[in-house]
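In structure tokens below, several structures.
Below, chain A partners chain B and then partners chain C, in two separate complexes.
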Partner chain A sequence: MDGFWPTFMRRKPTPPRLVERLAGKPAQEFFNPRTVIIPLQETVQTVFGCSVKARDEVKAGQKICEKGTSPYALAVHASISGTIREIDSFFHPNGCYGTGVLIEADGREEPCQKISAPTGSEANMDTLLQAGIPLEYEALAEGKVETLLVNGTEFEPYLNVKHQIIEEQAAEVIGGVRALMRIFSVSKAAVVVERKQRKAIQALEKCIAGPQDITVVPSLKSYPPTAERVVIGEILKKGNGKTEGEVLPVDLAFLPAVYEAVQDGMPFVERMITVAGSGVPDPRNLKVRIGTTFDEIIVHCGANPEGVTQIVMGGGLMGISQPTGQVPVTQTTPGILALVTIGLTHGRQSRMYEEGPCVRCAKCVDVCPVSIVPTTIAAYCRKGRFEAAEESGLSVCVDCGLCSYVCPARIPLAQILKEARSRNALRAPANQSSGNNEECQTV
Partner chain B sequence: MKSLLVYVSKTGNTEKVARRVAKGLGDGTDVVRLDLSPEGVLKNYQPGFTLDAGSYDLCCLGAWVMVMKVHPFMAAFIRQIKNLEGKKVAVFLTGGATFSRGHAYEDVIHLLGEKKADLIGFSYTTTLLGLTMTRKKLDRAEEFGREMKRKMEEAA
Partner chain C sequence: MSNRLILSAPPYVKTGETNHCLMFDVYIACLPVILASIYFNGPYVILVLFLSVFSAMATEAIIQMLKTPGYKFRPFLYNFLTNEKITLADGSALVTGLLLAFNLPPQIPFWIPIVGSSIAIAVGKQIFGGLGYNIFNPALFARAFLLAAWPVHMTHWVTPFDWGHWWGQFSPGAFSSWTIDAVSRATPLTLMKMEGTATSYWNLFIGQIGGCTGETSALALLIGAAYLLYKGTITWHIPFCYLGTVAVLATILGQDPIFHLFSGGLMLGAFYMATDVVTSPVTKKGRVIFGIGCGVITVMIRMYGAFPEGVSYSILLMNGCTPMLDRYTGGVPKRFETMVRTP
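What follows is the complex of A and B.
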């Protein structure tokens, strides 16, 4: 039927938004998981120093580890109180194995321990490090940053978590931005919100009242969280005149945590995620502890774990499919998709759903937010000509996944590009490995 | 008798037929609409969806005919459903052209033969742009459902 209608009536270049079903429902809480896995490493290269051992008793909010290198070593906290069963290698939702701590809950619901760092008006960078908020401290501490950019647009069709955070915690978001601006002496900040989300914009503007140091920029489009450069180019130049100085993107989900750390000295041990997909009876937003396994969350949402055939970290476009359900929620996990799938590409019957040759329709070129030619780059990557692919702009790709979505020949363009990029990152010399780490954090 | 009714529908004709067949089958029928995206992901939550036919007595499969074959979604479903060996299966198809009936029937025989399932009933409803979906045809679909139920009761 896709070919029956004229071109402008066919499938839209972006997937349909499924967030309307979630709008208006308050977020629920799920704070008593049976076990949590606290990941200590994002990638294999992450340095960490663990201060606990197996069979130790820990309390919620207790500092168990420091990761990264001094002076920007981040604290890692136990998110529930209980006993440490083992410290072992666990699967990280970013797609690699890393050391983690498995904690078994003891059922006591105690308030979170506070961090040992100055709070309130004396708060400094140490407060944020001790609270374990993974910001880009090197760039912030240099003092060159002039504008903080918060991307409040939700790019993923299934997820609604950013809108929910803004609507429910507008004061915390603004408080977090103000705290960051004060600590790192940044003069301006901009929050980009979709124009459709009137409630979110109103809530933010209500909280900003007073000094106009934070701008709320309504945008028509939604931007993927990795495409901050596009946002800076398209939005800030239009909205604020010419931008001078450096612009630093900050993840929206960290801002309430920043506010709580600065105000009350609370560690970053909980965040809001969206649970959606065809395996879940009713999609919802959940506040969960860091480290709760996907399986437990899906079962909590009423899904049948045997019926769910695919679990995805993130949304439908940029998410990473997980091999098992025993994967922890990390500080950068925006949501979980529990999907029921049927393999269509087996056998002669389903040949029309298999990959075909590129038909040169250039739909992927039209939708690409960073204006590269995915099909050419994918062809180079398939031939193993990674230098040529790099010259054609492979490193500019933001992994938004739209090219795969629109491709009528069903070529897995986004997958090929992502693979090639990770391959290039592995091959790159050591001085670029830090860039790779940052990328893992923002994904 | 517990029966599973799975159907694939694009414009709604097969859905109409499936509803009448389910009415004919009576209570204890789990109706599942196999609404897949081109990637093979179920679009909406279906409470009765299962890939295991073990707990059902009768599997009723409905699909529309595309290029004289069973729709790929249903074909993929038949290939992947477990415990279909020796199970009683009834198939109802809808299609625009009458003459594709024979081809589609052969395709059904081929697909179910691979699974060693027992085909106990087959019906084909001709539909063209939705206008020819008459009350008579729907009544016949309900009659088909009732017949399948009778056959199952006789076998029991």
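What follows is the complex of A and C.
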């Protein structure tokens, strides 16, 4: 009977990591997918203006669309050369439908087209917009940001992509940070890396050498991407003594793209992802074109497509489960999990793994990165007392999923909290809706 | 890919740990204590443990059968372990039975563990709604009840290695009076309180003293506690604050702190009773206050109370404070207060 006997080894409060298995393996390239889907809308509200139509021929790196509103309109590029088969509604890995462009590859391997914007030392915000790098331009352009924060810690147990990027592209990462600092006149930057990742820290420090404008902050723990602002801000305050101005987190995966856009005028059409999960025999880091479908990548990595029962965008703790494999890799996709969960589905699992009463073991409290009490909040939510839940810190929750991971009673705490949060966010007045990312319409 | 994919909420990884694993860790931590107790107090302890555990599990099963409308009685253990409504498989009744037996004198009449376990499960736990909802530690609740109901039987200690008559307490006479001739012996705390005699540290440490079944051998208790701490089933907060407070207060009040740490039920209370997950606070701050509170009350009862021992009452009193502690320590951390939206 599973779940009856305890393991006599100590159980860590965080899940085991893939890092050790992937360390030292160079990232491979997968640049010739048969089709790509370029999403034009992240959410149903995204405004976009498409400049191509079906049956048009496009080249890799060609600008096909602009999305967003005027001063910060972001360019969208075709990531491979080929023919546009259709412009239709496609499933976006965020969990909603949005317009996308389906491009069929013609097999020509031409070098990527460059963007039409100043590069090198004359690079400005327009360069980044034309390269299609989805940064938080409004906050950056305001000029209040004092510290750029790069989270180099990998929170997800299955993923390794951040470490790989730092190890392989340390110079590009630092170059990207420097470029952002110059363009938006930000005075400080910090890269937070796990203390264990000595190689990564060394690589970064080697590249920084010279002006000490970028600090590498070694941290003991890893932080979820949603909690960067709140949790790592605390570290910075501890480390540097003071950070008066605003701290703005930047996704690490964008930095090499920033560097290439500023240096060579390359559009953001490829990124590194981790492909892992129980259905993938050989987990690896892959460099793929934006828009490559999950199906193709999983098959490329040797998974049996018939055996895979669950496909997840992101990692094992915070990823989003996908209803189909025909979803594209986007610029914010850190990885893909293909999971085989035969025998764990409901009704076939051990009775021990069914949800039980909360025994108040406080494991979820000890593991919570923002020090709230998930079990109490979840109990409030289940009773429908959302105001009480809100007072206990419901909106502080960063959806990291660790509470569900550790819960021995198998209560889906993270799910309950997320549901209640999106419910409360919908009811809250619009002007106070800072810090929530639930604008996406879930399907 | 035409196969149907599973859609579920994150996380997609989970520990293999269940409630029963937590309880199983407690069984394992109890093993050295049981062995030490059998060594010092004789094989009658096995009978006490068996009766206590069996009675606890039977009570739980019967109450849950009665609670389940239309339950059809099938006298198979397998059925008890797999029926949804009968939660014997979570192991909490077994733990309660074990801990209650640890809190009884070794040569107790055989019916006291039976009555005690039934009270512990029925009144201490099931009346509140079962596992996870009880306010007081069921084993300590039953001990308090037994101590009030049969104070003579509950404070009749024996000398270690005087195993008495093996089944002496099982005779019909056990209902009315003591039928064996085991030499009565006071606990170190009683000796200290009433006669002012100290017990040697070595005897206190290995457990060659008078006392309850499970509380005498500090060595065995510490081995079990080390396992629990290693596994993360309990955290350091409650036991260390508890023991620390007792040591500090005893020193301040001019007592021997080492004597106070190792005598009576303090080790058992601090590592096995106060850390009962259901009845202790969930927040770290709350756990620290809980431990300190237990320590203060224990020393107060030991120094100034009528009883020589106050561990069980101190833990029960603090159990009552747990909801309040959780409420006042479980709010939003200060640094995130700005993020709370008031609807």
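The rule we apply is simple: the second predicted complex is superposed on the first by the 401 of 443 C-alpha atoms of A that agree within 3 Å, B and C clash if a C-alpha of one lies under 4 Å from a C-alpha of the other, contacts with A are read in each partner's own complex, and residues count from 1 in each chain.
In this text, contacts are C-beta pairs under 8 Å (C-beta built on N, C-alpha and C of every residue); 3 or more make two chains touch, one makes a residue touch a chain.
Worth saying up front: this structure is predicted, and the values here are computed from it rather than measured.
Participant: After the superposition on A, what does A:Thr153 contact: first (chain B), second (chain C), both or neither?
Facilitator: neither
Participant: Between chain B (first) and chain C (second), which, if any, makes contact with A:Glu390: first, second, both or neither?
Facilitator: Once the two structures are laid over each other on A, A:Glu390 reaches chain C alone.
Participant: Between chain B and chain C, whom does A:Tyr353 touch in the aligned arrangement: first, second, both, or neither?
Facilitator: Once the two structures are laid over each other on A, A:Tyr353 reaches both partners.
Participant: Counting only touches as set out at the top, which of chain B and chain C does A:Val340 meet: first, second, both, neither?
Facilitator: First partner only.
Participant: So in the superposed three-chain picture, is A:Thr324 touching just chain B, just chain C, both, or none of them (first/second/both/neither)?
Facilitator: second
Participant: For A:Lys418 in the superposed arrangement: first (chain B), second (chain C), both or neither?
Facilitator: A:Lys418 contacts chain C only, not chain B.
Participant: Answer with first, second, both or neither: which of chain B and chain C does A:Thr375 touch in the superposed model?
Facilitator: Touch partner of A:Thr375: chain C, not chain B.
Participant: Going by the touch definition up top, name the partner, chain B or chain C, that contacts more of chain A.
Facilitator: Chain A has more residues touched by C than by the other partner.
Participant: For A:Asn94, select first, second, both or neither according to whether it touches chain B, chain C, the two together, or no partner.
Facilitator: In the superposition, A:Asn94 touches no partner, neither chain B nor chain C.
Participant: Kindly classify A:Gly279 by the partners it touches after superposition: chain B alone (first), chain C alone (second), both, or neither?
Facilitator: Only chain B is touched by A:Gly279; chain C is not.
Participant: Just which bits of chain A does chain B share with chain C as contact spots?
Facilitator: Dual-contact residues (chain A): 310, 339, 341, 345, 352-353, 410.
Participant: Quick check on the complex: what are the chain A residues that touch chain B?
Facilitator: 1, 278-282, 307, 310, 339-347, 349-350, 352-353, 410
Participant: Within the complex, which stretch of chain B touches chain A?
Facilitator: 10-11, 34, 36, 38-47, 49-51, 69-70, 72-73, 75-77, 79-80, 111
Participant: Under the touch definition given earlier, write down the residues of chain C that touch chain A in their complex.
Facilitator: 1, 3, 5-22, 24-25, 28, 82, 84, 87, 89-90, 92, 130-133, 230-232, 235, 277-278, 280-284, 287, 326, 330-333, 335-336, 339-343
Participant: So in the complex, the part of chain A that touches chain C is made up of which residues?
Facilitator: Where chain A meets chain C, its residues are 2-8, 10-11, 13, 15, 157-158, 230, 234, 295, 305-306, 308-312, 314, 316-325, 337, 339, 341, 345, 351-353, 356-363, 365-366, 370-373, 375-376, 386-387, 390-393, 395-396, 399, 401-402, 404-410, 412, 414-415, 418, 424, 427-428, 432-433, 435.
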